[in-house]
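Structures for review follow.
Both complexes shown next keep subunit A, but they swap its partner, so subunit B is in the first and subunit C is in the second.
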Partner chain A sequence: MSRAFQTGRVNWTPVLLLLPAIGVMMFVVALPLVFSLYTSLTSYRLTRPETIWDFVWFRNYERLFGNRDFWVAFGRTILFLTIALNVQLILGLGIALLINKITWGQRTLRTIMMFPMMFSPILVGFQFKFIFNDNIGILNNALQSLGWTDRAIPWLVDGKLAMFSIIFAEVWMSTSVFAILLLAGLFAMPRDPLEAAKVDGCNAWQVFRHITLPFLMPFAFIAMTIRSLDIARAYDIVKVMTDGGPAGRTELLWTMIARTAYQDARMGQANAAAYLSTILSIAFTYYFYLKLVESRRYMGGVQ
Partner chain B sequence: MAGITLAGVEKHYGRMRVVHGIDLDIAHEEFVVLVGPSGCGKSTTLRMIAGLEEITGGEIRIGERVVNDLPPRKRNISMVFQNYALYPHMNVRDNLGFGLKIAGQPQAVIAERVREAAEILGLSELLDRTPAELSGGQRQRVAMGRAIVRHPDAFLFDEPLSNLDAKLRGQMRAEIKKLHQKVKTTVVYVTHDQIEAMTLADRIVVMRDGYIEQVGTPMEVFNHPANTFVATFIGSPPMNLLPGRIEGGQVRLAGGEAVPVPARLAARVAEGLEVVLGIRPDDISPVGHGLGEVAEPADITLTVSIAEPLGMESLIYTTIAGQEVQAKLYGPRIVGPGEVLPFRLALERAHLFDAETGDTLEAR
Partner chain C sequence: MQSVALWFATFLLMVIMSVPGLWVVLSAFRPNREILAKPPVWVPTELTLANFGKIFGFGSEQVGIPVTSYFMNSMIIALTSTVIALIIGMAGGYAFARYRFRFKGGIFLGLMLFRAVPGIALSLPIFMIWSRLGLIDAKMGLIIVYVSLNVPFTIWLIDGFFRQIPMSLSEAAQVDGCTRWQAFWKIEFPLARSGIAAAGVFAFLTSWNEFALASQLTRSTDSKTLPVGLMDFTAQFTIDWAGMCAMAVIIIIPALIMTFLVQKHLIAGLTFGGVKG
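Showing the complex of A and B:
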């Protein structure tokens, strides 16, 4: 049967069987990719569809390289990513270590811990927008009632505080990803090396530093890889909480790109920016992936 | 100079008592093996010595120090675990030197001690490998190396050979023995394998259900078992136990047959006492195929049920007084099932135990 498909030296059967998959991939992934790459080389505006044929070579990219706001947003996204990931890692590690010690009610706690992940980021954004609101927000209300301050702290209006508030919301929402993955790591951890280290003269901190932590690093890097992709494309929380404001002080790459694309309708320009931001995501993900591979190298023969 | 002393050491987990007040004196540089079936408390005892388990009652001393409340790191002992417990992210060199590094030893000292240990254990070529790149036997050697670099007061071994295949186990057993001769240190070694206990120990401690059943040199434990448990646990194949009663200076077995009471025990048995006669397979052999001269022979005719030829000897399954009994035939002769042969018991090496308590009737 398969012989019938063999014309010349090429065996067409696998190709034929893979064709549907290849077709779907082409249509869903490759085509939009090529199309958006093409439009990033045109002056395409959503309001004037005929501009899609106006090929301008690299003018969009040249314009971006000279655009200070773009690079500020670029840098701010890196900052956002770095702070959020580190805080989430440290908090997640702390939570995982604590929960690992608990013997009673651990399952319940693990479930409760996952609650923040069950909410849509949009809703988390709205919730924190309310909490941080300077006039009616629950946070200022609480601070004032406790007598710690009598002013209305402008959480979402002051540039630095607004950035803090957004990071706070992001950390609240996603720390549990780290906690869960690290907890899984702690569960998988063999007990013998810990005991060997104790006998070898380690105190509790040294056991953690030299044995537990290196063992957990692959799990941390898995979480980092997943989260860095997620945070690098942060849009929803920021859109809801500050919409990039005040005066562009919390503008991240994707809020800026979305604004360029849909409010200013300059799709060509936005696509160019999107391609540059993709580099950021890839760079971070690749970096953490390399770290993951490196830290996993030794974990082959734990026994 | 550091022996280890256990005085009334107990371990409870809630209401469950795992170790019931055991007393044990381990001399400096002595090789002591704790042996017993799983769940007998031997590993728990070792882990209490190491400080990995808290003790519920009693006292443990290493040298002159009471270590009850000291964490493992302050006890100056080192331990070899069943699963090797190597640090997977460190190469062999760092695994060996880790304890010294933590202790704050200077680089030069660490390098020298690691080199020395690697030489003793034949690891010099493997120093830059990670545990994942080592075979089971090599990992075991690294685990031992990690124990010796620190020059501790005592080595604790927790079933170190049970993850190795039979051939490697034999090799490593010999290496451990050699190691102890090179690096004279107190050793406490836990195993469930009575052959390891017999071959390695200066003294064997047989444990069951959290109690010490007997302490003695391998030959003492083998030749003078304190009770039926030790008698069947030490020695392979195990000692045959035949219930009976003392009648007219003879042991009348349950099936009606009678054998004389071994001469050395004649004064220690009373008429009508319920006893258990213990006799090793090596001491029941077809006439003419025994193990040397028999001083107190008792002849009995038996039917072979199965014979397992092992080359220069055969293990024979037969029945005495309705009970399955193992016997040994020395020599290349092959016997088959159903064959009826005259057997000779070497009663001078037989044992008598009190049927009620299981304790030996020998003077102890």
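Showing the complex of A and C:
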């Protein structure tokens, strides 16, 4: 088969093998993105279909950049991601180091750790809506039964507490990705450098800082790259738990896009915001992919 | 002494990690009035299957949510899109693992970056295009979208697994008279099978759990999936916590079974693909 396609210097077999993948991505992602870019330059409203031909250049973007609510949601999204991802990385590292030390029951612990990974984000959101409910939630019930407080703490009603609850749900959902990959890194670690360092008189912290941590970096970057592919899944969690409320205090970029598009029917405006969120996500993935490639090159000799 | 403390700390952490999920599972078997009781009832006095009977439409009490058809929709959509994504992903992964060609790194990165587009952002143009094509509220519309969601990651994983298999094996088979096609099916495919299964489970979980796109592209029992159906409860006058918990259990069971079947290969697949470039 390959002979027939080897005309000239180009080998057509890989091209043919990749064609379906590239085709489906073009049809379902690239083409819609082009359409989305065009729509973001029109004043398109779902309620008035003819407005899709009303080309307004960058008016939607100008409005967006002049809108305080947008910047607040944008800043909150960045803050949310920064806090959530850092907490996930640090907690994941801690859990991986703990489980690595344990010999009895390690398999069971690893299995339990995988538990949150199979949860749908919509389920995670519902689960914590249930737990953080001010009236019947297990958390408030427990606090009251223990006598630590006698009032119902408004976990999902107060703006700051609601943001905390959402971050908590996000951390619960995705810490295990970091823990599992970092644990795999610890398992793959060669013993010799560790022992050599101990012979040379390094203390535990020095070994961790200069041997374990550099070795784990590629694994941390894989985890970050994988996570960066679906950071926007946090939309599902927020949608269930607070839907951006109370009074927009937990509004993230993604809930704002959905609201502008489907409730206000302002598709042009929503597409402009959607485009910015797309660029944000792609930049994020690209950054960590580069980091991954770089650290892989650095590790070249070891692997 | 130190190791006992260590084990205890880890154990405690795991308990904290699994309590939220277990609480939902437990509540699925309790009557709603016990969940709502004040002061709270800590030790369940009665466990019941009534919540499941209720959402599946038999028993004395019923809720107006057609969970059975949502379940069927979810199954059909997740399984079909997984199978298609696996076929496309196997072809693509094999190309990346076994051939050198121009723009290889660029194409790989491009596929990944396409995957990074937020679901809700992608839902806007797809919603507009699909309504022209008549794919709104059709299973086919969602299947096509999920295939594209799963292809990049499937390629990444399968590429990693094929790279684990020494090229000399299939070369030897070809020397012995196999065609490359035969060598693939007789040598490389069986060796990579567990990895392909792992990729399949990831694809299934992604489709099974997806909400942002499904919530905009589905309308009725023709195509609504379970995660979208769960939101039906919030439209009701009072929240039926027990019913929602029962439905949550229905959603989690297939995901649980799938994950445990290929647990070992999941981790291997994630790390091989990424680290060894």
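Criterion: the second predicted complex is superposed on the first by the 273 of 303 C-alpha atoms of A that agree within 3 Å, B and C clash if a C-alpha of one lies under 4 Å from a C-alpha of the other, contacts with A are read in each partner's own complex, and residues count from 1 in each chain.
One rule holds for everything that comes next: a contact is a pair of C-beta atoms (placed from the backbone, for glycine too) under 8 Å apart; a residue touches a chain by one contact, two chains touch by 3 or more.
Please read all numbers here as calculations on a predicted model, not as lab measurements.
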Partner chain(s) touched by A:180 [first = subunit B, second = subunit C, both, neither]: second
Contacts of A:198 with subunit B and subunit C, given as first, second, both or neither: first
Subunit B versus subunit C as contact partner of A:286, first or second or both or neither: second
Which superposed partner A:211 touches (first subunit B, second subunit C, both, neither): first
First, second, both or neither for A:76, with subunit B first and subunit C second: neither
Winner by number of subunit A residues touched, once subunit B and subunit C are compared: C
Intersection of the subunit A residues that touch subunit B with those that touch subunit C: 303
Interface residues, subunit B side, partner subunit A - complex: 50-52, 71-73, 77-79, 81-90, 98-99, 102-103, 130-134, 139, 146, 150, 156, 163
Residue ranges of subunit A in contact with subunit B within the complex: 190, 192-193, 195-203, 206, 210-211, 214-215, 295, 297-303
Footprint of subunit A on subunit C - complex, ascending: 3, 6-7, 9-11, 13-14, 17-18, 20-21, 23-24, 27, 35-36, 38-40, 42, 87-89, 91-92, 94-95, 98-99, 101, 107, 109, 111-129, 144-145, 147-148, 151-153, 155, 179-181, 205, 208-212, 215-216, 227, 230-231, 234, 241, 244-245, 248, 251-252, 255-256, 258-260, 263, 266-268, 270-271, 274-277
For the subunit A and subunit C complex, residues of the former touching the latter: 1-2, 11, 13-15, 17-18, 20-22, 24-25, 27-33, 35-36, 39, 95, 98-99, 101-102, 104-105, 109, 111-123, 126-128, 130-131, 135-136, 138, 141, 144-145, 172, 176, 180-181, 183-185, 188, 218-219, 222, 225-226, 228-229, 231-233, 235-236, 239-240, 254, 257-258, 261-262, 267, 270-271, 274-275, 277-278, 281-282, 284-286, 289, 292-293, 296, 303
